[in-house]
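The next block holds one structure in the form of structure tokens; read it before the comments.
Labels A, B and C are assigned to the chains in the order they are written; within every chain, residues are numbered from 1.
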Amino acid sequence: MAAGVALALTTTACSSDPTNPNTGGNNAGAGTTTAPAGSGADGGQTAASGADSGSGAAGSGAPGSGASGSGAGASGAPSSGGAGAGAGGAGPTGEPAQPGQAAADAKGTLNLFMYQKPNGLFNPLAGASGPDNEVISLMYQPLLGTDAKTGQLVPELAESMPEVSDDAKTFTFKLKKGLTWSDGKPFTSKDVLTTYQFAANPTMENGPFVNFTQVDGYKDLESGKSKTISGITAPDDSTIVIKLSEPSNGLVNIIASIRILPDHVISKLPIKTFTQDPYFRAPKVGIGPFIVDKYDTDQQVHLTANPNFRYKIGVKDVFLKILTSDVATQQLQTGEIDVSNIAPVDMETVKGFNDVSVTAKEAPGFVRAVWNQSQDRFKDPRVKQAFFYGVDRKAIVEGALQNQGVVRNSVYGAPWQAPDLDQYPYDPEKAKQLLADAKFDTSKPIKLSWIAGGNPDRDAAAQIIQNQLKQVGLNIQLDQVQGSWFSENVPKAKFDMVIYGGGDYTSNPYNAIPITSCQKPGGGPNNGLYCNQKYQDTAIKADRATTPEEAKSLYQQASKMENEDPSQMWLYSPKIVWATSGKVQNFVPPLDLGANWWEPWKWTKTG
Amino acid sequence: MTRSTGSGRDAAPQRTSAPAAADGADRPLLVVDDLHVQFRTEAGTAYAVDGVSFTVAPGEVLGVVGESGSGKSVTSMSLFGLIDTPPGKITKGSVKLNGRELIGAKERVLRKVRGGEVGVVFQDPMTALDPVIKVGRQIGEAVRVHHKVSRAQAMQRAVELLQQVGVPQPEVRANQYPHEFSGGMRQRAMIAMAIANNPVLLIADEPTTALDVTIQAQVLDIIRKAQQETGAATLFITHDLGVIAELAERVMVMYGGRVMETGSVKEIFTRPRHPYTAGLLASLPSLTRDEAELTPIPGSPPNVLSQNPGCPFQPRCSVGRDRDICRAQRPPLAEVGPGHFSACHFPDETPQPRACVLEEAAVGAAAAPETGGAATDLKEHS
Amino acid sequence: MGAYILRRLGSSVVVFFIITIIIFTMLRLAGDPVAMLVPPDQYNTGTAEFLAQKRHELGLDRAIPIQYLAWLGDVFRGDLGNSIKNGRPVSEIIGERVGPTVELIGLALILAILIALIFGTWAAVRKNRTADYVITFISMLAISTPGFFAGILAIYVFSVKLGWLPSAGMSTTGVHSTVDQLKHLVLPVTVLGLSLSAGLLRFVRGTMISELTADYIRTATAKGLSKRSTIVKHVLRNALVPILTYVMLQIPLMVAGAVLIEQIFAWPGMGSMIVDYAANSDYPVLIAVGMLTAIVVLAANFLADLLYTVLDPRVSLR
């Protein structure tokens, strides 16, 4: 069971939305960091654009998100030392700056598009939202960050990937030396310790404590026996040690992705109301390349270069402008915006703009149709495979996404995906055959539910699925629903099939486990109630592997099992299309909307 | 019917000439010569005023009488440019006030005349007054347009004028709005406005038509008083013969956009020289005799959309009904007696009215408490 | 006068309550903001409880009439509640947005009135002549063109193609000059003002035409007033009454018109705020907005009636 597999994230991470930590079986508790703002039932958003469908997106939430997980990806693989190593690589780099001189050569103003209104609380421990994260990731840094190009975890404030004990329970991080906060005070392990202590504290309303339940000493902290969590210690100024009560590589990566706050600022703030603390409306002390200057509510966030940053910064001012995507696209033309993501339909037009380059980047969110596998008819793998063969998913991507998307056949991404997975090409004959073999009762209708109107590609997908499966004899009835339908029906297994998006599984295979682990209705995020014990055991073993090779091999085996007995009907991942003005250099599109920026200090603007 | 001789009518020129003023004054105040006014309508051109000529002596009261559509209002309104010139147009003629030509004069000149030398009293005082501005101010405006005085001074003058026209509590009234005045009082206010700058000519366009009979007499009284006090000449337009008898010295009868007959009230009423006038007089109801039926003029008013080459009254005229000359030739306005003009080919064949029609007419007009006074005036007239 | 005001206030208050009850109930039936808080792939054991807990905290599990009364009680105490989505006080959220909207609508209204008065009068005075045809034609065009289309077109022409004016927002990032702010005002105010002026212009024209044929005009002319004086001193004064009341009644509608313009020009006013929060069924914000709108409408109607009685002496307060 989900035992031992824990939780999730706290936002911060790259994935767009917030999230609600999943709780695997045991912890419960609503655990959430209240997904607040920003997340809307992912049911309704588009990955491709921040806005589209008219307003800033229904329900906010960033596209494709709902994510769980975010960035903490990386290989569940253990790092240096005993186990595994850093996947990832060297981490972000830059030209070292003299103390206090980082902004000396910074010039120009960069205008970035912020796809939604932020909550205005730029607090890494708050149930974040994608737009707020755009600001947070400029101002604060975590021990381990995510490489925007590979999606792998890389050291940021940490010197290198952590040293892992043989039993994969103790993780030692060495911190970079000589760093200072923007107000000149030195960065030490005390900052990390305090940040983690705060984060682990269950008295914090809507805090990310759920991620710390498997850390040594959590129970005492929870019961009040102790004021701090004993499993996190700082033996010296530049070392942090995390001790877990159960081994898990994935978990530590999640903790290490939490952005660090300055002890000398936050230790004075009350813990209980920390996530809503007004200080974070205009926080002044950070360690990232840019510090918040002012947030003009619902208009823009202004950040300025941090002179005490460790690398040289290229741009003096950054403005994150809150606009609808149509306005942003038009401002690309007039030059009022330098970088924006655009809707796939606008790609050709934008390519025609003067001095604007366009790149499409895969977003981590998966759009999928989930069968209610508590119904016997959906338990047979042949039936589920028939769905895959019966729908031309490539056509959906071509038609509904202007080809800006990737068809998915597995929840695991490379390199954890077995190389010989079945690609389920469109083959209606084969589908019919499989259904016959499984003696599927085609007379009973199948209701396909989804939140319509928020994402045109999903609306189109629903239609195509219905039409094409009709050809193989299946009677699909379309059922458009409202956001509240989800919470009322899905946890109670009162549905046949439902389409939604979100998630972030490719960068962190660990994130696939909670959604594919056997559970009771409402007992976790495995909405389809898939249960394949052999597969599950393999996946958990992979998370506990002590070497990266072992992890990779085990995950690949698991992926093969899941591919043959699909847990959900994987459809596609939309791509996010970025448009950048020719005046901007070194802009690397992030992994997702609202995900962390990559090496923002390298951005420069000419002219 | 015999044909009377008289001035060479057969060879009479087509153009009618302005008849000389009847009474003493050798310098007429107002001379209107061959005035033509047309209106562009959807149905065609309406010849509303088709060659009208007359004079007014200083201080004289000229009554202009005719039925609806006769052109009496249009004539007087167009004298000083008070008609809307997009549809309307003065195509011909001359209007001289104190020797100054007004047709074609610059707007600036006309504006000086309007309200200054000429005052107008309109038919419906309720709509003629601006409903959202105080009465005193409106009267005062008449003064301020022509004289540089302060608002307060103008208001003062307005109060004086209101007093003059017999409005009780003039200071209070001056600060009220038109809707707070009764019909009769509003007309008094209009009169006050018209005489504000001591005009030499007053034009009263059916001033009592919209009022009820009991008030009519009062208003007529005011007008007469005002006229006497200011010495202004008056052009009094009405369809009511009784009022003419009551108030006017001379009368001009119009029909079909043309003048039919002009003369002193006594002459016209006792010895009309135009069949139309005779018909009008005959149709007056008698107060003294018992009549079973009224005697209307048979037929209906002419169509102004065409210019009649002959006499406009011809189709209904007992005298000229079957006569070609009446049908084909326009009778010129010719003198048929001292100061008495008629536009008829056979003026002497005009049927004569019964004897006491003049008295009856006057009595009818004065059927109000002031009867005694009116009758007396009437006697003065005759 | 006092009695009249009291009576009107009384009936306005009753209407106000009815309106707020209707909006309140409709909102509660329309969507569920709490369900929006958790994305579907995050459901776990705790989710149902968490959502129920949240609902309880927000008082959304009580009967609707009770919720309404509670809300009313809060409002009278000056508490408009907090947004469900981001926890900020509603009064703060609305407070930030009122300014830009008032600025936009206020300036657009002034522009609309000026255009309507000047050109409407001109068209009326030159009725059925060339000037009238041209003006009427243009205003028909303006009435039939949807505001958002005009806005987009304006941006395309003036901002994108000609580069004369900025395309959106209230100011250029990082620039704090009045000139810059004025430049940002030009397009939205003009577009909104023009679209507002169209209907108003036709109304002005109609009113002026009927006033221009009024008898008192002839009286004024007979007094010797020039045409221009007559129009200014008499006609306008008479026409002002219906025109001003018409304008007052249009004001609440303008807020709605501004929504589209605000979206297109990324103007951070109430219009765009409504759209964002409505998408989330964020009750506290929406009901507060509904309440404010009801107040504005009622006030505008009341003022319009009052204005009418003040301006037109023929109308009494009975």
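Here is the rule we go by: a residue touches a chain if its C-beta (ideal position, glycine included) is under 8 Å from a C-beta of that chain, and two chains touch if they have at least 3 such contacts.
Predicted model, so just to flag it, every value in this text is computed and none were measured.
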item: Chain-level touch network, classified as line, ring, star, complete or other; value: line
item: Central subunit by CA centre of mass proxy; value: C
item: Chains most often in contact, by C-beta pairs; value: A-C
item: Intercentroid distance (Cα basis), chain C paired with chain B, Å; value: 56
item: Distance from the mean Cα position of chain C to that of chain A, given in whole angstrom; value: 41
item: Centroid distance [mean C-alpha coordinates] between chain B and chain A, Å; value: 96
item: Residue ranges of chain A touching chain C (in the complex, touch as defined); value: 17-25, 27-32, 34-43, 54-61, 65-68, 109, 111, 117, 119-121, 276, 296-300, 302, 317, 319, 321-324, 326-327, 330-331, 333-334, 336, 482-488, 490-491, 498, 500, 502-503, 514-515, 522-525, 527
item: Partner chain C, residues of chain B touching it in the complex; value: 80-82, 107, 111-116, 119-120, 122, 124, 127-133, 138, 141-142, 145-146, 177, 179, 190, 193
item: Parts of chain C lying in touch with chain A, wherever the complex brings them together; value: 31-32, 34-51, 53-54, 85-88, 96-97, 155-156, 159-160, 163, 166-170, 172-174, 263-266, 268, 272-273, 275-276, 279-280
item: Touching residues on chain C, where the partner in the complex is chain B; value: 214-216, 218-226, 233-234, 237-238, 241, 311-314
